[in-house]
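In what comes next, chain A is part of two complexes: it sits with chain B in the first one and with chain C in the second one.
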Partner chain A sequence: MSKSLSKFFLIAVAAAMILTACGPTATPEATEVAVETEAPADVVTEEPTPVPMEPAELEIWVSGRVSEAGPPPEDWVAYQIIQDELLIDLELVLLPSSAGDQDTKINTAAASNSLPDLFFVSRDTLYDLVQVGLVAPVDDLLPLMPVRTETHYSDPNRNALVTFDGQMYGLPDPGQIPMTDGLVIRQDWLDALGLQAPTTLDDFMTVATAFTFDDPDGNGQADTYGFCAFIDGSGLSNMGLGPRFNFIYGAYGVAGVWNLNSADEFGLNARDPRFMEATQFIRSMVEAGVIDPDWPTLSKDDFRAGWKQGQCGIMSENFAALANRSNYAAFDENNPEGEWVVIPPPVGPYGDSSEGVIIQTARIYAVSQRAIDEGKGPAIARLLEWMATDGYMLMAFGEEGVNFNLDNNGYITLEGIDPELAWNTSAMQPLTQLANMVYIFTDVELQARYQSHTSLNGRTIEPLAFLAGFSEQPWTEATGSAIINPPANAADFTRFYSENLVQFVLGQQDLNEETWAAFLEGLDSLGAADLEAVAKQDLIDAGFLR
Partner chain B sequence: MDTSPTSPPASAAARWKSFGSRERENLRKSLRKYRWLYIMLIPPLAYFVVFQYVPLWNAQIAFKDFRPLLGVWGSPFTGFDHFITFFHSYYFSELISNTLIFSFLKLFVGIPLAVILALALYETMFLRFRTIVQTIAYLPHFLSWVIMFGVLLMLLSPGEGLINAVIKANGGRPIAFLTSPEWFRFVVVASDIWKETGWSTIIYLAALMAIDPTLYEAAAVDGASRFHRIWYISLPGILPVVAVITMLRLGHILNAGFNQIFILYSLPVYSVGDIIDTWVYRQGILEFQFSLATAVGLFKGVIGLILVVVSNRLARRIGGAGLY
Partner chain C sequence: MRIRIKSWDDLVFQILVNGFLLTVLLVVTIPIWRVFIMSITPLAWAEGTSLGLWIPPGEWSNEAYKQLFNHPAFLQAATNSVIITVGGTAINLFLTVPLAYALSNENLPGRKFLVTFILIPFLFHAGLIPTYLVVQKLGLVDNLLAVMLPGAVSVYNTLVMKGFFEGLPEELKEAARLDGANEVQVLWHVILPLSKPILLTIGLFYAVSHWNEFFNPILYLNRADLQPLPVLLRNILLAANINEYLDYDAFARAPIAAFKAASVFITMLPMVIVYPWIQRYFTKGTLLGAVKE
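What follows is the complex of A and B.
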């Protein structure tokens, strides 16, 4: 019997070998192409050497423009154009929508050295991949896509995010528009209770308390909260309670995790006693019951469901999430008389106020070293350049005449378009999933993406007016914090920082000078001082600190 | 030369040849007779080889600074550095204690409840009732933890939850079950029991069905009450199965249920909810430290192996039978 088992074991091993042999491998042909098409080392010249167009297969992983929409259909017209005109057989994969899931997918692919040719990646993960040599420098690709380089990769701050040891290891496309999220208040609730919009933190607490306990919606039920938020923090630049609470820290002059005012002052804002005072203020809000009690476990979607139902009186929200037609509709239906207005961030006890931090972000696309080794660099540059030029409108808005039209001023219009085929309908969203690879926030884009609309009671809702309102408020510049590299124990460090802040705010820990000092000691025992020293030098080198 | 079957062969080689030939013939017959069973065996064997044994090769990265470009073999050797990093990590003791607390609670609360439910179902005389209860009890097993989290939120949320609505209606203060360190472990264990106890009863019910019914008949004739029959026949009858299940679960004692806790935990309850696997996810996977993640996995495996071996010896010494 043991012999028979041995034989079957051998059979099973043979089967396993056959199965594993079925995995993808590089073909000899691909290697030959790589040798023939690899860009010459001296390609960085004033007059780029024309590279002969060679057929290529490209796999790209991107984050779709609309997370809940699917990928473009197989008969997407762009696939054929890219095949015919660029000689590229494109395989497109949409990454999961959450940052953690994206990192997981990319890191597991990286561990098996099977990263795609071009992929969207967070800055922290890019840093890790650069350290292990899986991501290629892209400096040599830039001359191959002059228009895109001019429109997408000419911002020194963004380029600094992807520059390591003097080389660019990623393509930093324009990220979010800065200053998109700000404080808004229910004007109809203020009117109903005869209150004025708050200008100081004390006013803020008074109004939030009235919104919570004085039945501002008049339905006779205790179903409203003065302030709504959720924990929106991740990474070294957003640890702790996250951006939704930044206006409170801003009122104490310590918005954000890092103090980037000057090289002398640089460090964790938590070392500033005012940071503890701001945390105490938030704790007092929790104790007073003016915050939605579910806030520590709410997801972004839950948070938004709450204000759409009419539970929230004050919040920090994204202008598009608040006012775009598709998002506003549910709120409008539940609260026909509801009216959100922008308010300035409240002024704190020392006369400070700030809406939050400006961290100029980038949507980073990395090129795998494997793709460069296989000679796919020119094809990647060709594809990206096409997207920024001939393919721009197709990527951003679909087919002209089918999904959109242009008016006499060159702006996007839906006149003459079948409503079911309009570029911004849910059904057509898969056609513009790559739009984030081409958007550069021109007037045409902004007008098209954030169109005004009319509420049920006839008011005009203008998303861009909210954006303009937020932009007028005081903000704290902190772009440099995005280039602070994670330490080896990043998970423990960020957990310790965030967990303690949440515990202070929720009353799970006493909050006084003694416990705060213990908190800072804990941070130091996890290497905070070393992290600050390294980060300071990096920021000085990158020109973010002086 | 005498070649009769009863005569000894002339030499060892001839004896071996004769023996081998007979064995080969027996093997052929056996293969022919049980060919379909052997064919059915191939896919699971292939599964184990491909997905359980071949990956063992990669476990060596626990002792290396894994560099994907250099491959598993070519990555530089670092010895026990990653193990030491884990043992010296800031939250090591907390991770170990949280993991063990969850595992032991689930084990020693979950198994008795499943046994009790199985006994109750087995003893009921109303078959229709048993079927309904079984179906309802199994149902949560098929729900993912994401859906279970939604259900728990609807029940336990301090703002909108049903249970808190009852508490508030009775003049009490709402309880933050999911974000309170005092309540979080209870929620995790209770929700796990809710989800899995029904499913766990299947094996105990099968064990109960395998008990010789004449034992019950004889006991009834002798005047044994229902409780006595359970105590002296049913429980001893399924005890070996309970022992085996417990031993198997001990092998996974450092797996406290990643999916469940990853979905349920949040910053306010990290101190009582963060387990080894959630830490490995954050530090190993998200921070691209696969060698560290593998080292922790290996550590868990070794601990599990030791526990299985020790508990098996104990089971054999105490009960006379073990897992192997």
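What follows is the complex of A and C.
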């Protein structure tokens, strides 16, 4: 063989081998970690120390409000204001839309020591990064942004989520609106059958039975159900039948998976005999045929298609999914006289009632240690404070006079605005991608985001009236359950818990004290007692249990 | 092609095989059909009536497709996907062909060692972080090459191609060499014209993997204007779930389910179209050279 032939082969092989070594790899599994938490840090309220404004370049990774809409355009007016007034050259990166992908991207950047200056992060990943010293405590930044600290970081429960060893390592912005899902009933069906809204579980069963068998829609067909639901639970906080059935457990005083009433009482609610009684009640609903028989296999979309078709008389639903204009339209078209009203959760045999559990969530932003080491802390605080003050409306709704106007009461209006430029149109969504960094659920925000509209027969449909109605009901506080860390066998544990409950309710297992005891023994064999002990200590340390 | 049935056993066998293949066809086709039907379902239908596999004529709507094509990021993402697919596949073939050809030559010094050496990263991957560091140090973050270059040579595809080259008659190469052709000329003028099946087969393997690129873009491409279609698709699907709680009109004119389905359908369409055209080369491309005479 000639020399040139050998050279050709060797060069080709060498080049190809180098590139082969960079081949694709599998997505890493999310790592589950134990979390140590301390009592929430007190919010600092002392007077801010004036800090000279130094020019800075900041790279921030955020989760966009509308993930498919893309980032703000390069000529976004906010960039110029931030540059001119805050002396910050801002580089904005929108994280992938799913939490798992976000974690992967952040973990990869962390492993290569290239975390951005400020970034959105899940609590579990934050804990990992704290352990390896890649994120900085933010306590020193709070006095530099007094307004934002007051509006965003003054909730002890949320602060506890990001506090480790007595220091805050993240900035816990408000997460989701609490108390968004609640019980509603078809008032037009009640009227048609001459019934009153149920106030007790017995009433509930009576009304549900009538809705199922007495043809409330008057079409002569057996096509209605008293109660509709689907299994909506996952994770240690929501396993089992999920939130759609929580009002029944609430009627027995055992809403939710965990009893967080006090340190002495803490544990799985399933250990309380009343939990079995509530499960028996749900089983009796199934046996009576007053619940859509497909409920164990329905998806959320199927469930919603059902009530929009006019099949459901009572359900627990999200206020926006129920009453927002775009969601209400199909129901309105199919049921022009249909009318949903909020009802209080029924009272159980021991006088208890609860709509469900409140688990406050936080949207956490972390500051990289590298950013602090490079002296970017004050610039980060400056940017965040501006977003909560002068830049608030720009971040939340776009430019006043261009994307929105304010009415005499200070509420958002689109009067006088070019419809194509209105802040809530599809095309304008990139301008408010950072809105989740500023939203604090004020009345102005909620009125703008969840507007009233008119039904086909002229009634005013107010999504916020449903939210207000749900908020007025009794709820069970369970934010602490968010920091209960999953054990290594969490998937087996939650599957065992959920499957057994479903089998009990569907009659696939006998439901009595013996079988319930066997269920609890099964949970213990999967480490329930150990999980409770560890969780209890974590919750006490974090200030959620006393 | 006409199949001759020689006996009842043959007939039963043919019925079973064809029945099995028909089942497979239905299993593959029904979800695609269902997605298509959902994508053309009008707003009034989708949320008021159960969706089935059939929809009456005249009741369909192209609103979801209109919305998708009017999506500000769609054309950009589609362009990025085409660039990644075409560019990436070209790079793949440009590197895989010479490597496979070199390794197919029995006279290559250290051939066995090189084959073994190539298999090492195939079996024991360096991992995500080292790869990320290499890409980062090369300055490829926020560059489409970051998606095309890592994995530019697939060991599996190289070995398949090597097997094909080994199956070509040695006499053809010798004749060209005797006529004064160097190895590049032999490869270009003699081997490649005979290798259409394997080039199309391996090229399609590479193209499909590039078209479906999702993980590398979210890792290496921070700029939204560089993201390919699968990332946009993922964002749309997740956003559709989240946005049902928002009152903005991105999905108001078409059902959310239709918009999701249209995104899925459009994203898979190019590969669905390409596959049948190249399918006839598959067997020839992958099996030729598998059995040595």
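Just a few scattered comments:
Everything below uses one rule, namely that the second predicted complex is superposed on the first by the 317 of 546 C-alpha atoms of A that agree within 3 Å, B and C clash if a C-alpha of one lies under 4 Å from a C-alpha of the other, contacts with A are read in each partner's own complex, and residues count from 1 in each chain.
The rule is short, and it goes like this: contacts are C-beta pairs under 8 Å (C-beta built on N, C-alpha and C of every residue); 3 or more make two chains touch, one makes a residue touch a chain.
None of these values were measured; they are calculated from a predicted model.
Of the two partner chains placed around the shared chain by superposition, chain C is the only one that A:463 touches, whereas chain B remains out of contact. Ranking chain B and chain C by residues of chain A touched puts C first.
After overlaying the two complexes on the shared chain, residue contacts for A:369 are found with chain B alone; chain C is out of touch.
Of the two partner chains, both chain B and chain C are touched by A:112. Residue contacts after overlaying the shared chain place A:104 against chain B and chain C alike. In the superposition on chain A, A:96 makes contact with chain C only, not with chain B. Of the two partner chains placed by superposition, A:83 touches none, neither chain B nor chain C. Once the two complexes are laid over each other on the shared chain, residue contacts for A:305 go to chain C alone; chain B is not touched. Residue contacts after overlaying the shared chain place A:326 against chain C, while chain B stays out of touching range. Contacts of A:496 after superposition: chain B is touched, whereas chain C is not reached.
In the three-chain superposition model, chain A touches both chain B and chain C at residues 1, 4, 8-9, 12-13, 15-16, 19-20, 104, 108, 111-112. In the complex of the two chains, the chain A residues touching chain B come out as 1, 3-4, 8-9, 11-13, 15-16, 19-20, 100, 103-104, 107-108, 110-113, 125, 128-129, 132-134, 231, 292-294, 296-297, 369, 486, 488-492, 495-496, 498-499, 502-503, 506, 508, 525-526. For chain C in complex with chain A, the residues that touch the partner chain are 43-44, 46-50, 71-73, 95-96, 98-99, 101-103, 105, 107-109, 114, 117-118, 121-122, 125-129, 131-136, 149-155, 158, 182-184, 209, 215-216, 218-219, 222-225, 231-232, 234-236, 238-240, 242-252, 257.
The part of chain B that touches chain A in the complex is made up of residues 23, 27, 30-31, 38, 41-42, 45-46, 48-50, 54, 66-69, 71, 89-91, 153, 157-160, 174, 176, 178-179, 181, 266-268, 270-271, 274, 279, 281-283, 285-290. Against chain C, in their complex, chain A makes its touches with residues 1-2, 4-6, 8-10, 12-13, 15-17, 19-25, 27-28, 66-71, 93-94, 96-98, 101, 104-105, 108, 111-112, 114, 301, 304-305, 308-309, 318, 320-321, 324-327, 329-331, 333-334, 424-427, 429-430, 449-451, 463.
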